[in-house]
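Sharing a structure, written as structure tokens. Questions coming.
The letters A, B, C and D name the chains in turn, as written, and every chain counts its residues from 1.
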Amino acid sequence: MMLPELREKVLDANLEIQRQGLVLYTFGNASGIDRKSGLVAIKPSGVPYERLKAEDMVITDLDGKIVEGKLNPSSDVETHLLLYRSFPTIGGVVHTHSEFATSWAQAGQPIPCFGTTHADYFRGDIPVTDPLADEEIESDYELNTGKVILRRFKDLDPVATPGVLVSGHAPFAWGKDPSAAAHNAVLLEYIAKLAFRSRLINPQLGEVSAALLRKHYERKHGPKATYGQREQEAKAF
Amino acid sequence: MMLPELREKVLDANLEIQRQGLVLYTFGNASGIDRKSGLVAIKPSGVPYERLKAEDMVITDLDGKIVEGKLNPSSDVETHLLLYRSFPTIGGVVHTHSEFATSWAQAGQPIPCFGTTHADYFRGDIPVTDPLADEEIESDYELNTGKVILRRFKDLDPVATPGVLVSGHAPFAWGKDPSAAAHNAVLLEYIAKLAFRSRLINPQLGEVSAALLRKHYERKHGPKATYGQREQEAKAF
Amino acid sequence: MMLPELREKVLDANLEIQRQGLVLYTFGNASGIDRKSGLVAIKPSGVPYERLKAEDMVITDLDGKIVEGKLNPSSDVETHLLLYRSFPTIGGVVHTHSEFATSWAQAGQPIPCFGTTHADYFRGDIPVTDPLADEEIESDYELNTGKVILRRFKDLDPVATPGVLVSGHAPFAWGKDPSAAAHNAVLLEYIAKLAFRSRLINPQLGEVSAALLRKHYERKHGPKATYGQREQEAKAF
Amino acid sequence: MMLPELREKVLDANLEIQRQGLVLYTFGNASGIDRKSGLVAIKPSGVPYERLKAEDMVITDLDGKIVEGKLNPSSDVETHLLLYRSFPTIGGVVHTHSEFATSWAQAGQPIPCFGTTHADYFRGDIPVTDPLADEEIESDYELNTGKVILRRFKDLDPVATPGVLVSGHAPFAWGKDPSAAAHNAVLLEYIAKLAFRSRLINPQLGEVSAALLRKHYERKHGPKATYGQREQEAKAF
């Protein structure tokens, strides 16, 4: 069996989003890439999390050709692959329909940075894509979902903004490996929940200062990180 | 004992809505039909889920005559039966007072299609019935609850819209068998929760495009379904 | 030890509100009365639910004199006793700070009957008391909490309305015995949750029709009840 | 190993905020002080709660010098220490990003006293600090977080108001020992949840009367406390 270690990591990331309450039934999927071989391991489509095993993961190349696996890959595989082809620094991708992040995605609004919990993980808004045009929906829908994300990231750094809301759909998150991608998906959901309530308390609420945004982001990330013990530095990316 | 297999399926559907947090105490009920014999198995009224066994299910014919069983059937049995008589393609019916779907039913508003999670299961609004007239409440209330659903479905396909909100009351969902009906009830609740929050984030929010609605519905249903492994195709109906 | 059976019932009612998520730490208390002897068993003040035993219940007479028990009774005992003295048909009282009912009590608003879940248990609004006057707070506060409830029930039947919101405080519920009181407290919380969300979906929402209110209440209560199996009839009161 | 008893208490307070659902992953931290020696025990930074042991707690003096411990202390240690230096009656400090309290902190609004649950623990508003100025963020950020709290408490008694919302960040709570600090953090979260919903039900809602505020606070605190059994009196502070 190919890539046993990557398979385990991808399995773990899938189980983590389930443990953290981000998935209903078989919704959601996590993948990881082995950059050396250019091969991707991804959750099979529609298999219950309780039965998921490392050997069920489907191995594809970066063009979507199945290299190993008897099951169909997640129906969102084309979106994952385009993200891997376009963001060379990422090693894992997670897609969920988690409750609060999906509510923001459906509302078609970016999540403003209302506080330090957000600033610790996302350096600025959690962006929302444009809605897909009718012709983008009608053919190559999953690939076009990836393209609409890329259009939104034209001027954004996917390391400083490790996730996005697809308008009318749901969030995607990523990270340096599958575990970091799952971690960012969990945080994105938590941030979405806090922001939902903050806005209801104060509908006129604006963003935190740029200084606070920078401070918190850098406290957890980059060369001067002061959070955690040494081996965890910059864990989320 | 008659219909042992159907009894097990109906028991499972009842336990599934409880496991997924859709019921408080003895609220909610699931039923299933054996189309060959025209017999229906339904949860008995007011029996705690923890004690429910396959042999407790009550067997009635399509007119409500009890054919086998010592317990009273669910007080909503007449509504279930009218749905079976009117929608020949359905094989299971589920009624709950689940939190978010019931809140929309009480609000007397249909749930607009705000995103793909909705579009995957319901092809358009989750409709709401008219309120029952006073005389419809005073006699044959449960039967009239079914009739007010049928009035709402005059121009709707119960396969593409596998559930409804009864105004001032709560949701009913159905599917090709009891398990699919329970699955659709769980999804209806999840969709209601997402829609509730999306509307609070953006009170002016409109529906997704017709193209997205069609795409997602067809990705999970019908001849060109691309979701899941082969044996699950079109599972929810 | 006096009244061992009543002690067990009161213990069970206290544990039930904890199991159903209505209490944080030691908040909340349930009591029951033995009408023959006029003695009341009530939870002791501030004892963790995990350690609560039947023998910890405090027995008082209807004037609050401790007849048996080494612990202090719940600090709300005077409110319970006034309810027992004034509502001769009730056999149990439950007080909680449950999340949604308390939010309505704090908001100082009655819970309108928005649907059948409500109508099944409360025949009309769940009423809210007036705020206590300063002098009612300063002395005999707990007794005056009971008095402000009685003022609100001058024209209400405590059997058809088995609970109340004390303005700026929290709910009290009651029933024919401690178990029914706990059941009504759990339902009051569920109804409060549904109503909170229904109102947010539709801020202009009005009540259901009088016919629906009557129908649902009578389906579960009184001589023509059609819900449940025989032995449960009129269980909630 | 120094201060084994304090280490256990601090461990317990950290585990308590996790048990009560106030923390996601490694968020949050609790500390305690031994006033005799002036030494503080605090949670290490970024260690999962499941693996946390009493010997992992980091011992520092009041100036932040690590006296015992191989791990880095919580990145918020400077805030904790300033609180201990400034509030001589407190023995424990807890910081969380708990859901509802953080939403109010992000909204930049104090939590008004809407009811007795609040009045039992906080004698008045739960205050919110000013946002930190840019230069306060850029250097000595954690110390300045403490300073902005102290500015807010110039005219407040930290015993009657055992917690605060740091604007755009999250809550801090304290108490006479680590256990009381954790207890107050849990209550702050519960109060924040009730207040969120009360305000959505009634956006014009004002505070409870001064008489009710005084009564409830004094029922649980101070020489005339009537809540609980003797050994628990004034437990929360």
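Assume a residue touches a chain if its C-beta (ideal position, glycine included) is under 8 Å from a C-beta of that chain, and two chains touch if they have at least 3 such contacts.
Since the structure is predicted, the reported quantities are computational estimates derived from the model, not experimental observations.
Under half of the residue numbers at the chain C-chain D interface are used by both copies of the sequence. Rotation angle for the C-alpha superposition of chain A on chain D: 90 degrees, rounded in steps of 5. Taking each chain's centre as the mean of its C-alpha atoms, chain C lies 33 Å from chain D.
With centres defined as mean CA coordinates, chain D is found 46 Å away from chain B.
Residue positions 199-200 of chain C are each in touch with at least two other chains. Judged by the touch criterion defined above, the protein chains form a single closed ring in which each chain touches exactly two others.
A complete list of chain pairs in contact reads A-B, A-D, B-C, C-D.
Contact residues of chain C toward chain B in the complex are 114-117, 183, 186-187, 190, 193-195, 197-202, 205, 208-209, 211-212, 215, 219, 226-229, 232.
Against chain D, the residues of chain C that register as touching in their complex are 24-27, 44-47, 71-72, 75, 97, 99-100, 102-109, 131-132, 134, 137-138, 141, 168-170, 196, 199-200.
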